Every structure is written in C-alpha cells, then in structure tokens.
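Here chain A shows up in two complexes: once beside chain B, once beside chain C.
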Partner chain A sequence: MTPSASPATAPTAAERPAPSVPGVGRRLLRRPAAVTAIVFLAAVIAAVLLAPVIAPYDPLAQDLQNILAPPSAAHPLGTDTLGRDVLSRLLFGGRSTLTGAAEALVVLLLIGVPVGVSCGYFKGAYDAAVMRVVDVLQSIPVIILLLVVLSVFADSESAAMITLGLLGLPGLIRVLRGNTMVLRDTLYVRAARSTGLTELQLVRRHVLPRLVGPVIVQSSLFASSVVLAETGLGYLGFGVQPPAPSWGNMVGEAAGVIDRQAWLLVPSGALIALLVLALGVLGDGLRDASAEAWSGLPAARPARRRRSAGPGREKAGPAETRRDGSERRSGETSAPSERRAPADGALLSVRNLTVAVPLGGELTTVVRDIDLDVLPGQTVGLVGESGCGKTVTAMAVLGLLRGGGRITAGQVLFEGRDLVGLSGRELRAVRGTGIGLIAQDPIGSLDPGFTIGSQLAEVVRLYERCSRGRAKARAVELLSLVRIPEPAAVAARYPHQVSGGMAQRVGIALALAGSPRLLIADEPTTALDVTVQAEILDLLLSLRDEKGMALILVTHDWGVLADVCDEAVVMYAGEVVERSPVDEVFRMPVHPYTTALLESNPASTVRGSRLDAIGGTVPPPGAWPDGCHFQDRCGLVQDVCRTSPVALRPLPDGRSSRCLRHDDAARLRKVSP
Partner chain B sequence: MSPDPRAHGNGSDILPAAPLLEVSGLTVTYPRGRRRPPLRAVDGVDLVLDAGRTVGVVGESGSGKSTLGSAILGLVTPSAGSVRFRGRDITRLGGADRRELARDLQVVFQDPYGSLNPTQTIGATLAEPLRLNLKWDAERAWDRVEDVLRRVGMPPGTAHRYPAQFSGGQRQRIAIARALTMEPALVVCDEPVSALDLSVQAQVLNLLADLQSELGIAYLFISHDLSVVRHMCDDVVVMYRGRIVESGPADRIHERPGHPYTRALVDAAPLPDPAAQRRRRARRAASRTPDQQALLGSGPGCAYAPRCSLVQDSCLTTVPPLERSRDGHLVACVRRDEAP
Partner chain C sequence: MRRIVRWSVTSTVLTFAVSALTFVLVSLTPGDAARAVLGRDATPEQYRQLRAQLGLDEPLAVQYWHWLVRAVHGDLGTALSTGQPVLRTLEQRLGPSLSLITGALVVSALLGVGLGVLSAVRGGAVGRALDLLSMLGLALPSFWLGLVLVAAFAVALPIFPASGYVPLTDSPWEWLRSLALPVLTLGIGGSATIAKQTRDAMLDEMGRDYIVLLRARGLPERSIVLRHALKNAAVPVVTVLGLLFVGLLSGSVLAETVYVVPGLGSTAVTATQAHDIPLIQGVALCFTVIVITVNLLVELLYGRLDPRSRG
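Up next, the complex of A and B:
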C-alpha cells in the first residue's frame, strides 16, 4: 500500500479530501449513462423554465383550420384537437408537472427522512406510535384520497401533490427505519459512541451518510411515480384543467383521439417515459458514485479488456496470466518444479496445479505450480496465512472454484485419474463418493429451512438408490457415526437449533454420506471454541483410523497441524514453499517463511518477550514480486532471490523446499520447540 | 511491563489507594421472554486493574467476557454491582459525564472490518473525538491524528484514505490509533487479534506491548486464546457462563490451572509441538468423562458441573465460592487442590 499524498504536502486542515479521491460530482460525470440522464433532465427543466421565451406559439392559441396535424416545419411536434402547437403546450405543461413532482418530493424528504431515521435510531414507544400512524397511512387507497382532496381543494394541483408526498411516506420511512436499525448497532457506531460522541453527532456522521444511497433510490423511484400519477390524474380529467396544459391532460386528450391521429400520443407519452427512465438512471448513478469513494472498488471506467485476458487462454503458461502479463516473459517468472511422477500408491497426486481467477476483469494467477501427494490413510495439513491460496488449492482439487476461477495448468490425479478437464457430471460422481468436503462455517453450510435429518437423507439418496425410509435410517446412522448423542432427536431439529460444534458434526456426517476415500476439511474448527475444536479433531482422527480415509486439512493453526497431521504443506503467496513430515517441520523448518510463521506464534514464546513478527503482509495475487515471493520479508534474502524464481526442490531427506538457503532456514529460529 | 505503573495518572483527582479500574459484583442480565428467567450474561464479577498493567479475560463463547467489557465501557447497563474508575463510580454514568470519561477509557474491537465507518476517511474518523468531544481546532486535531497514525506504524497519507483501502492488520492498527487519539489510561481490547493472521497478530501484539511501555496504558484484554493471553497479560481471569471460575497471575494459571474448566481449556488448545501434543492428547483421553448432557446445566449448582470430570454431589446444589488454592490463585471449585 503506497501512500498517495507525500508527507511534505500534508495539509494542516483536518478532513481535507484526499487528492486522489474526486468528489461525487466528478465521479458521476465518469458514468456515461448518468451523464446522458443529467443532460436530458437539465435540458427538459431548462426548456420548461424558458417556455415563455422559446415556445413558438401561445399554448392556448387555437388554429381550427389545422387540427391534428402531423409534425411539420411550422409545428415541429404537430398540433392537437384544437390546432394548438404541441411543442408549446409540452413546454408550458411541464411547469405544472415538474413543480408538482418537486413539491411532492420536498414533502416526502422533509418529513420522511427525520421520521424514518429517528424511529430506527430511538426505537421504543415513539417508534411504535409512529409506525401505527404509518400503517394507517398505508391503508388509505391512494386514488380515492386524491380524488377527495381534489374535490375539496378545487382541482388544486399543489394539494394533490402534497397529498401524494404524504402518501409516499410509509415506503420511505420503513426503508430508512430498517436501515437505521441495522446501522445503529454496527460496530463502528459503537466504537464512535465509546469515543464520546453525542447521539446527534452519531446520527449525523455515522448514520445519515450511509442512508444517502437508499434515499436517492427512493427519491428517484418516487419522482417517477409522481410524474406518472400526475399523468394519470390529468388523463382522468383532474388536476390542471383544460385549456391550461399539463402533460397529464395532454396524454388524456391524445388518448381520446388515438383512432384519428396516433401521433399525438407520442410527444407527451415519450417525454414522460424518457423522464421516468432518466430519473431512474440518475438515481442509480448517484448512488454508485457516492459509494465509490469509500467502497474500495475500482472507479467506473469503460472496461478495456486486454487481449491476454480473453477466453481461449486456458492453455497458455501460468506466468503469462499475471495482471501485468504483457511486460513479462513467461520464462522469467515461472520456474516449474522438477517434473515428478505421481508418488507410488498415492490416493491423490496434484502436479504443477495452477489456478487463475478473474480479478478486476483480468485473469490473475492465484496459486501456481502446486505439488501435493496424499497417501491412503494419511493426513496432510495445508498451512499458511490467509491469501496464500490454501482454500483455492483445496477447492481446485474438488473442481469447485468460485468466482469464475479455473485451472490453467497441471493435473489432479485421484486414484490415477486426472480430474482436470472432467465434465461437471463426471466430477459430481467423484465428489462425495471419492472426495468429501467439510466446510468452515458449519451452520452456514446447512440449509436453515430443512431439518438436519432430511438434509442428510437427501444426500444419502444422491449416492444410493433407496427408499426414503431407508435414507432416513441411514441419516440417523451417520449422525451416530459422528458421535452425536440421541441422533434420532437431532435429526428432527433445524440447523439453528443446534450448537456450532454439533453443526460441524453434522457437516462431517454429510461429508461421510458417500463414504469417500479422501476428506477435505477447510478450516473445520476455526469457528469453534477450543474445547469443541478438540472434540471435533478427536472425531476426525478416529474416523480416519476407522475408515482408513485420507484427510487434507486446511488450517492456519500450528497447534491443529501438530495435533492431527502427518505431513505439512506450507503455502505462501500462491506457492508451496515447504513439504515436510510434521515432526520435522517443527524441529527444523527448511523455508524461512515456515520459521517466521512458527516464531510469530505466541504459544511457543516466553511470556513478556517480543514476538518475532514478520514485517509487512502477504503480497496479493497480481502483485507477486519477480523471483522468490517471500523475498521482501525474508531474513536470508540474497540478490539472486530477487532476480530469478525459485523452484520447489526435493531435498535428500525426502522433504521439499522452495528456498535456495534451506539449510539456514532453521537457524532463524530463536525459540526451540 | 511499565517501569512505574502509576506514572500515567492525571494528578489530583486520584485517590492514592484506588486502583485504576475496580469492578465488584458486576451482573448483567438479558431478558429471555416471559416464561424463562433472565439470562445472567455476567454474574457477580470482581476484577481489579492497576494503571499500566494488563488483565486478561479468557473464556469461550457465551462466557460473558465481551459483555463484561461492554458493561465497563457503558455500552450495556449492569443490573447490579459497580464499576469504579480511579475510585469514581461510573456504573451508570451517562450523557456528558460518560462522554468525558471517554478520554480515559477506550476500546479496540475484534472486527477490524466493521469497526471503522466505511464512508469516512481514516483522518475524519480519528479526528472525530478530538474535534467533537474535546472541541479541538482542526489543525491541532490533524496533528494528533498524524502523530498517532505514525506511532502505530501506518504510512503517511493514511489519513486521506478510506478503510476499504487497507488490509485487516492495517485496519486493526488504525483502530488502535483511534483508541489512542485521546491518550486514554485504559483500553478495553475485545479480541483485538483473533481476526488476524499469525504474522499480523504478532505485529499487533508487539505494537500493543510497545504502546504500553511508552504510554503506560492499562489493558483489559479479552480473548478466547489462552496462549495470546499468557503472552500479553500480567493477570488472568477465566470466565465460564458469566462467572469467574479462576483468577491469578497469567503464567501460573497457564502452568498450574486450579479449576477443572481452566485445565480443560489449557489441554484443549493444541500445542505447536507434535511430541508434546501427543502426550497431551493421551492425557486428555485418559481424563475424559462422558459428556453429561448439557441439559443438566441449568441447575442451581456449579455451571461447569455437567462437563466436569471431578463433579461430586455438592457441585450440583451449591455454587462454589472463589477461594485461594494452594498455588495462590483464586479458584471457584471445591476440589481446587486436587489438580492432577
């Protein structure tokens, strides 16, 4: 993260906007659709305001010799049933329509925003009382009330519009109230409150800015509906009374003569349709532009796809799919590990696996050149920090890449058969019966709408043809297999009725339903309490021993690795940097990243001593340096590490390391295990 | 850790004998509908924290450790007991008094993604309490913001950017910087590193330790991770279902836990050492009791009894008081001196 403002020019006034972040207006102008809408709306408003100046005729001037004329030089939009110029009537008629929309909007916002926000923020009796009033408002039939108002106030357009504004309140109030209720309980509002801000300051600074989006969307929807309502009233003969023009009564008049001159409906109808469309587009654009500054997403720019990111690139070498691929030659960045045959008798052999995911419109390599072997009954731990590619690797084995990711090179040999390139159907046959998956979020991975038993039974029936009753019995059997006490009772419960540990047992039962030979567990205990974690790990180990399954465990926890794994595969920035038996990795790591990560663990330090933290962060995909990915954070770095990539090489003792100085890596350890 | 733990006092208003923070008998209850009795999320907790020191609060989810922190910060209202800050009762402090107290009492939350307002620049968020609470002028506030951001190791220019432009570890540094802007005497750290990766966690723990020795801040360090707490804290209290089950010096509790729950907690955390972990696993397997239905758990006695391997009849009827064990910590267990 490089600083954008140099310290020398640091402003002395607080809260000056950063130079790199333009205002909402400027950002809005980068959106072509929004610009078109603005130009259109501005033109309409200007023309309507300037009607007395630019209108070619008096809107009331009749020319009975020339009625229902099509467009001509004299009358660009033709004439109506009394021979009046349609263009002039549109220009003058817009005044009442637009003023009406503005009046309704002002009423809506002036009342709706304060009421909606205060209801959501303060809740309690005040909120309950206001919401009852809102309920009543919402139960009033709009048209009937409008007609009553118009008859009482003698066709006063303003009265109708203010009424419309009031009737729009329930929608706005409900939306703002709901949003505010969520916002007032956010962590950052709690944090701001604990710094001593008053409630008013909290609302102004932390709640209102987040409501701008919903308010804009609601306003633009409402403005369009007011224009349409005004049209409807005019069509019915209410509101502005003829001969004075309004868009509504013009549509009404045109509709009456549609069999004689269909054209007459076009100018007013098209204008209204375009206006409604423009309001919607502008609302969307404003909302996106106001969120753009802080959302961290790249600014809207016409996406220009590089040739290198196009389809049909799957067969190209991994290195060329880098974000800045055009400047790099593939030979420099990729150092494929020495080609090794699949290990003898391996259940799973991953070779040179490379996965790319579209990031910011370009296919970016996220893991590269992965080698992995899992023997039957073996537990392999994939360890590393977030962003290192552990989960992507595990999911690639299953063919379950998210976000359009795909395998761009390499093999995934499961029982000797390459899973890369299999059809969806063939892969589904492998998943479940060959390879099972245990997800990280146990409750989130269950459907809240079905009982645990029925979800398990459904999965059972995927793998074996059997009756529903048989599947149910098998589901209960699976639950007792994962040591759930009273499995039949638990089968009848819904996911929200069980604890996190219990839900993870269910998750394991689901993965076991197809009796897989290999289980992939992606951080299976990260969301759990430590005592529950111990139980789940015990369960996984005993299942592995009972069923002879192999296990790939994705984890960031050295303790979990030490507890259950036989082999450690350490990943850093999309690459495997070390493969070692678990006892060896703790005793004598052969990569400086492994050493550094072990040193950062407070569990292995003396109390009060400084932790030996690695400076900096893991470089994200697309920003990997040339040469060794760990070079910028490494204590052993040499010039050669910065210039040429380092391959994962087998060491004489059967381990593998991606470090030129692997013999020195263990020396970096200060604390002996 | 600080050379002189009391050096950071603000002078005259301190009672000489009063600790920085003193919590006694604190109870927080949540209603659970008409039929059931209210949930006692925090139940009669006593705690003392001196200036410049760190007390850890350890427990699993549902232990009430975060609620305890919120009650001290005034974010939830206790139903009984008291919180005293520098001898002054702040239990039910509200309005302007609570806002003024915010100078001395700050918080760092667990989630670095949720604790910063995404629509404000970092500078605006950090300057906020200085401008609005302390009524500083813009220039003075800005200088302080730049100063604290530098102190937590953020690059220049950070203040102009938005939270989305930073990684989790950087955001947690920013959240710490926000807690520091008003130079507090006590920071409640609510799981400050549990959302962070190991190497980033180490950076943040070092930062917290450095800030303590430079500024003499006291921390109430809430965490579920015993190894982090042992590393950071002078003293530890272990909570289970709202009650303190054990308290004492951090390393002693870690090495010789007196309460069966603390022992279970220590034993459950796997060691980053395969050989030692194998021994621990064997020991754990030997001492395991069949899980005695968490359904029994809501009886009048010790909340841990249904899970306890040392349970006896009296545990099911009376709550054991916190009493000194032979190792010198306070343990709420009748069989506290029978540690294997």
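Up next, the complex of A and C:
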C-alpha cells in the first residue's frame, strides 16, 4: 500500500540465519504460488525489455476515430483517450518502473548489506549508533521526503529512487544484523575463527553465503514497495511526462475519464497490483522455504515456526481441543488389554486412554492404553523418563491437549462421569472446581499482563459469583493460605516482579481457589531453585492434607515418589508399564524398566535423585517397536517380547504389570532397597 | 520511563534530521529562492540584494540556524506559490489530513484486530482467506484502489461524493460522507497489515503456557481470548500501529490527491509541482511533528499495556 508498509512487518521476518541457497531454492520450487510468481515476474520483465519488438503498435500513435475503445481483437486491452493502444503503452510504460526498482535496489544493497552485516558482527557502540539512525529513518514518512527530493532535483526520478533505496535501509539492516548476530556465534564460525582466518575472510566465506536468502527476501519485499511508490509518483504527475507512457501516469490518465470509460483503469492498475502481489508472494515463499530448510520440517503456518516443536513442546492449536467421543476410532489403535472395570469408589479412573497428536501432518499416537486410578485423598505418582507421555496423560485428564492432540480412545471417569466427549461447557464446570492444575513453569503459567491479585480475583469470581470487593479480599486470603508474607503487596505485583518460588505459590493458590477434589501437579518444583523445591513440595503436601485433596504428582524424582506418594504409576514410551503401591515398587518391582530405574539410582529413596542415566533412549512416538516398547533396553528380553503387543495385566496381589516376565523383574535388582 | 527517554532522543534527532536534510537538499539546487522569486529577467544587482535580504549569502550552517530560530518562533517563511505564510497554510490543511489519517487508523485497528483475532481463533479456511485478503490489501496501490472505489461508489452507484472535503464544523454528516471513501481507501491496506500482525501475535499468545492454565481453571474461552490473550498480543500490535501511522501519512498524500481533499498531502504535491520550497519544507516539518506525537502516544500506550516495560 505504502512504501513503509513492508518495513513495518520486516523485523519479524527472520531472526535466525538461513541455510545456504540450494536447499532453499529446491524447497521454493515446490511451492506452486511462488513458482507462479517467479514465472509472472520473468514474463513481465521480458515483455517490458522486448517492448520495441513485441508491442503491436507505436505507443504514441494516436487514432482519434477510435478512442476509449473496450478490448477488441485489434486492441486486446482497448485504446486510451487519444486512441492509443493500451497494451503497447503498458509494454513501453514499464521501463521507468523497472529502472526505478533497479536503482533503488542497488542503493539498498550497496549500503544495507555492509552496514547490516558489520552491525551484527561487531556489535558494540557502532551498532548502537547505527540502530539509532535506523530508528530515525523508520519514522520518516517516505513520500514526503520523495516530494522534497523531487522539488529540489527538478523532477529527477533517479534522485527519488535513490532516496527510496536509502529509506528502505532500516528493514534490511535489521534483518541482516539479527542474522549475522546469530551466525557469528554458531559453532562453525567459531571453529573457522580458530583456524586463523581474518575477520573479513570469515565474513566472506562463512557469513555472507548464508545471508543470501534473507537478502533476497528483503529485496523482493522492498521491490514491491518501490513499484508502489514509483507508480504512485507517476500517478501524481512526477517522473515520465506524457505523452510518453508510464504505468503511473496511465492510471492518472484513466482517472480523468473515470465516468466515461472505467475499463481504462483496469489494465494499468491490475498490472501494478499483480506485480506487487507477485513480489510479495515470492518474498513470503522464500522466507517460508528458508525457514523450512532451517527447521527441516514442512511448516504449516508462519507463527508456529518460530519455535521448534518437539512432541512435548508442541504449541497449542488455535482452538481448544474438542473432546468429541465421535472422533474415537475403534480398532485402529485399540488396546490389547482387556476392559478393566473402574476401581470401586475411585475419584478418578482412567481406562484405556489413548491420545494422538498430529506430528508432521500425521496423527501419531503419543500415549496409549493408559490405566490410572486415584482414590479420594490418595497421592499417585506418575514417574518415567522425559518423553514417556506423563504430561500428556495428565493434561488429557483435563481435556487440555496441545498441538491439536485428541483423545482417540478410552475413558476418563471423574466421580463416575466420563469426561471424554463432554461439551466445552460441561468440561469447564469440572475444571478448577473438580480438578485443579499446577504446572511446571511457574512464571510462564501466569498471565504477564495482569496483576497476581486480579488473576486470583478473576477465578474467585468465576467459582463463587461474588462481588469484586469480596473477590479481592478472598484473593489476599488465598495468598496467605499459601504462606506468602505480605499477601496484599504481592497481590498488587505482576508476575515478572516475583521469584519463581513465589510464582509457584501463586500457582498453588490459583489451583486451590476452586477447592478441587483432585489436584494435578506436573513437576511443580522442577523449574525451581533446589533450595525452594522442598519448601514448595512441603506446602503442597500440607495443603493436600488440610483439604483432603487427592493428588496426581508427575515427577522425575524417585525420592519424592518414595516420600509422598501412595501409589506409583510407571510410564515408558507412551504406556503404563507398572502400577504398584509405592512400598512394593521399591521392595519388588514387577517391570524391568522400573528395576532399571531403581538400579541407576542407588540412593533412590532420597529426594533429589533423578531417574535418568539408564542406557539407551526412549523410542519416540511413531517409532515404537512392535511388541514390548522396552525390548531394546530390557535385560530379560525374549523372542516372544517382540512379536505382539504386551498388555497391562493385573497381578494377583492387586498390582499391574506390562511385562511377560514380571516375576523375574525383581531378580534384576542387585542393590537391595 | 526508559522508553520515553529513548523517544525524546529519537524525536529530537528526527526533527533535526528532517529539517537539516531538507535544508541541505534545498541548498544543493542550482537556482535558489531569490532566483525563483525574481525570475530570469532580474538584473544581477537585484539578485544580489534579494539574496542578502533573504540571508542566502551567509554560510549554510548560519542559514540553517536562522531558519531554525524562526521556525521555533512559528515563522516558517512565506509560500512562494501563494504568498501566504507557510504556517497559515499548514494550519488550514491540518484538519482534513488528521481527520483522514485518524479515520483510516481507527478503521485499520478495528477491522485489522477483529479479523486477526478471528483468523487466529478459527484458523483453517478463515485464516487462509484472510491471508489472501491481506496480500491483496497490501498489493493494491492505494491511488488505484481509491479510483476504483470512486468508479464504483461515486460514479456507478452515486452513494458518496467523488471528491472534496466538508469540514466537521460545517456539517458532521457531510464530513463523514466526504471522508468515507478516502478513509476506506487507506483503511483497507492498513487493516491488512494489522490483521496479519494481530493474527501472528495471537497465535503466539494462544500457544503459551498461561493459556493452558487459564483453561484448566475453567475460564470461558471468550474471556481467555478477548481478555487475556488479546491484551498481551496487543503489545506488538501497538508497535506496528505506530509504523502504520507513518505509512498512512505517505498514503494520505496519494489519497488526498485522488479525492481532492485540501490536506497536507495534496499541499505537498502541489508545492512540489510548483517548486515551492518553503512550503514543502513546512509540510515535511509538520509531518515530522505529527510522527513524533504519534510515537509518544505509542510509547505511552505501550507502557499501559505491557507491565514489564514499566520495570
């Protein structure tokens, strides 16, 4: 629209370096829109350059008998006010636009590339000074300065285009600076530095080649704004003077006869718009292609691409995940285990729960056939290495799956009612008041835009339907309940103004506001300082006892499990592999994975001993082996383990195990508990 | 507070930069103001006298200083083409321009934020349709779009006047009618920019942890989107709004010419055509002051929206 519109969006373009060009080029050619844009641009440029050869008429030849004619065989785009052939005039008229764009681009690149790269490379005071200038440049209204230049330089279009190139610098400099900053710290540049290359050689060999992508993206977006500006100036009567044609002055001429022949507006205007569109599409396509090449994944939409999206860190879909029972597909992911009845009197009974998340365009099962029981007031620990599906399981109970995940099978019976398939409204009634949640990252779990007090008051009002004043008072009460000193002062603070430990206390207060019967705490202390971890955990436990809540504790910490949980649920690669009372787990594990975890943590009943460091890695979703998921790391593996899926089976003593040799599992233990 | 300090530094530099830049550019011209006033037939003696009278024989820096001192006292010189004081002309032209640009900004913000939120929340087809729309909105040259709107809604269907401007004080209704098409012309491109930014910012916010926690507390989705996510997403959008305003200033030059609105932009165009340097300098300075004011508003709004910026 206006020349400064694209610099406005440019800073978001790419804060990361692009990979080298070939990969990007190949990916670009896989995008039909970008290919169309390239073909169109090439055709327009060729046609304009070849105008003297291919134009059907002399662009100045008048035919006063035949003015303002609509398109016909003789004049494919009609004729203008003096009966001149519009097509021929368009072909000749493009010259000033293309020349102008070339001039502006040359200026932009000659200055922008060295300045941008040096800013990012050397940083420091030089960089700060340049960025100030860039700030100022960005605030100059483009056209007005062009007009000043035109009035001073006697309508010299080249002067205007050079100015335009200068005004386009902020966008390019910002992007190149950002990219260079990242590049200069990458491993291979540091490695190259140690081989004794001079800084200049370093930049030329290792930095510049990788900046080609962003430069082309910026150039393309900038060219589109130059086309708009150049034709705009032409329309205003600057630059090429009639009778010689330019796209801009053709629009101006059409404006004069708008009430007699509106068609005349179409050829010139549409051509400009298409050209700008093509440059925009090309720029966006290049940016997406290079982002894709960078991440190695086809990127679905721009905003999601900014962060890497592993299964665990998957960003949420735009809308809340619908838990619609009708979407369950039976058979395909059906559980091998027999249907097990919910435990008597259980507060929560999860049965055969299976969750799938779209990964790389395919719906991939991330946890399957989960069974879980929580009795009122009981504390159940969910343990296992990272990537085993503990968090997904916990979140699925609340129906809050990220990244478009959905429950594809199973039940979540809370107080006897299946939460799977409930409407959004019914689910909301359970959340907060029936089941509460405490998350891992305490500060990230609070809305940065509101004070702690107002976030508490908001949920209080939701649960209690009370007055604002009452809610405020209750918010302070809740803060003192979680033993925050000076609760009123803390209520007035914003999340970024409190420590992680304090934020987690607030998180607990928020979860308690609705007096839930079940609290799900997803590694509530992992992100905290070791010194406050115990404090927060003890607070959580004493509140659990005070309120008689049941607790599902997702944890890495074997010691915490031993200390505070009644029941242990061990997960491995998306499955529950063992369910046992905590004492039994330590005495006699019934799954080799549990044994391995215990083995690797000799001091395991002491808090703070994390379960990691067993040989091998957890197979990720989508790469689970047939048969037992643990087969590749199991010391007891036999051929039968590899043939068919192993079911979670109840044992005579009331525990469950997903191992064909559960009796032998405990024998792997060398260290006695 | 740090941002406000930064703003004042940038503003001061900007004012000096623009005025000094125009001043230096002007001094580069072959014929100077004396030549322009006297025409070709003047005697060298007359020419020298007028130069001395206008202070053109002094060093450039001194001239700039004098100009600056006069400018601070509200004397921006006399427009060569009309003989009127530049300041008077600017005062008369400010109203229409501000009406147009503010209108366009309001339309862009409302339409852009609305569409952006909608496409972020609904995703899928709505998102793609919006992508297409905003691409088009950014690609259509504003002057051409203006002419097409005239052809459609002033010529073919005479709903709005094709051109002209009625001051608010004359008739609020006619004022609105006269602004409708120019505002729409600028607002379409503007809302495309804002919609894109809003959608990206909203998608970013909706993917954050606190949103999941708000849902886990049972808050209604409407409040999560409109109260929580939007407030945080507004922070980057407001920054873009400031840049958009600068863009709209440029756009207004074209739109005012298309719709014959007697504003600053069309004044700049006629001044340029007439090589009326004092007037174009005045307009440039005026634009700069407007930009600075808007930047200040953006900084203040930013401080209100983002508690982190307050420290």
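The rule is simple: the second predicted complex is superposed on the first by the 505 of 673 C-alpha atoms of A that agree within 3 Å, B and C clash if a C-alpha of one lies under 4 Å from a C-alpha of the other, contacts with A are read in each partner's own complex, and residues count from 1 in each chain.
By our rule, a residue touches a chain if its C-beta (ideal position, glycine included) is under 8 Å from a C-beta of that chain, and two chains touch if they have at least 3 such contacts.
These numbers come from a predicted model, not from an experiment.
Asker: Identify the partner contact of A:147: answer first if only chain B is touched, second if only chain C is, both if each is, neither if none is.
Answerer: Once the two structures are laid over each other on A, A:147 reaches chain C alone.
Asker: Looking at A:617, would you say it contacts chain B, chain C, both, or neither? Reply first, second, both or neither.
Answerer: A:617 sits against chain B, while chain C stays out of touch.
Asker: Quick one: is A:465 in contact with chain B, with chain C, with both, or with neither? Answer first, second, both or neither.
Answerer: Neither partner.
Asker: Check the residue A:436 against both partner chains and state whether it touches chain B (first), chain C (second), both, or neither.
Answerer: After superposition on chain A, A:436 lies in contact with chain C alone.
Asker: Please indicate which partner A:557 is in contact with in the superposed arrangement: first for chain B, second for chain C, both, or neither.
Answerer: first
Asker: Going by the contact rule set out at the top, does A:496 touch chain B (first), chain C (second), both, or neither?
Answerer: It touches chain C, and chain B stays clear.
Asker: Share the list of chain A residues that count as touching for chain B in one structure and for chain C in the other.
Answerer: Common interface on chain A, chain B vs chain C: 1-7, 12.
Asker: Chain B touches which residues of chain A in the complex?
Answerer: 1-7, 10-21, 186-198, 201, 205-206, 209-210, 291, 293-297, 385-386, 485, 500, 529-534, 537-538, 556-563, 582-583, 586, 596-605, 607-608, 610-615, 617-618, 673
Asker: Would you mind writing out the residues of chain B in touch with chain A in their complex?
Answerer: 1, 60-61, 73-75, 98-103, 105-107, 109, 111, 114-121, 123-125, 127-129, 131-133, 138-139, 141-142, 145-146, 155-158, 160-167, 169-170, 175, 178, 181-182, 197-203, 205-206, 209, 224-228, 230-232, 250-251, 264-265, 267-277, 281, 284-285, 291, 293
Asker: Considering the complex alone, what residue numbers of chain C touch chain A?
Answerer: 9-10, 13-14, 17-18, 21-22, 25-26, 28-30, 120-123, 127, 135-144, 147-148, 150-151, 155-156, 162, 186, 188-190, 192-193, 196-197, 199-200, 203-204, 206-221, 228, 231-232, 240, 243-244, 246-251, 253-254, 257-258, 265, 268-269, 271-273, 275-277, 280-281, 283-284, 287-288, 291-292, 295, 305-308
Asker: Quick one: in the complex, what on chain A touches chain C?
Answerer: 1-9, 12, 132, 135-136, 138-145, 147-154, 224, 228, 231-232, 235-238, 251, 254-255, 258-259, 262, 265, 268-269, 272-274, 276-277, 280-281, 301-304, 306, 315-320, 395, 398, 400, 402, 424, 428-433, 435-437, 439, 441, 444-451, 458-459, 462-463, 494, 496, 507, 510-511, 513-514
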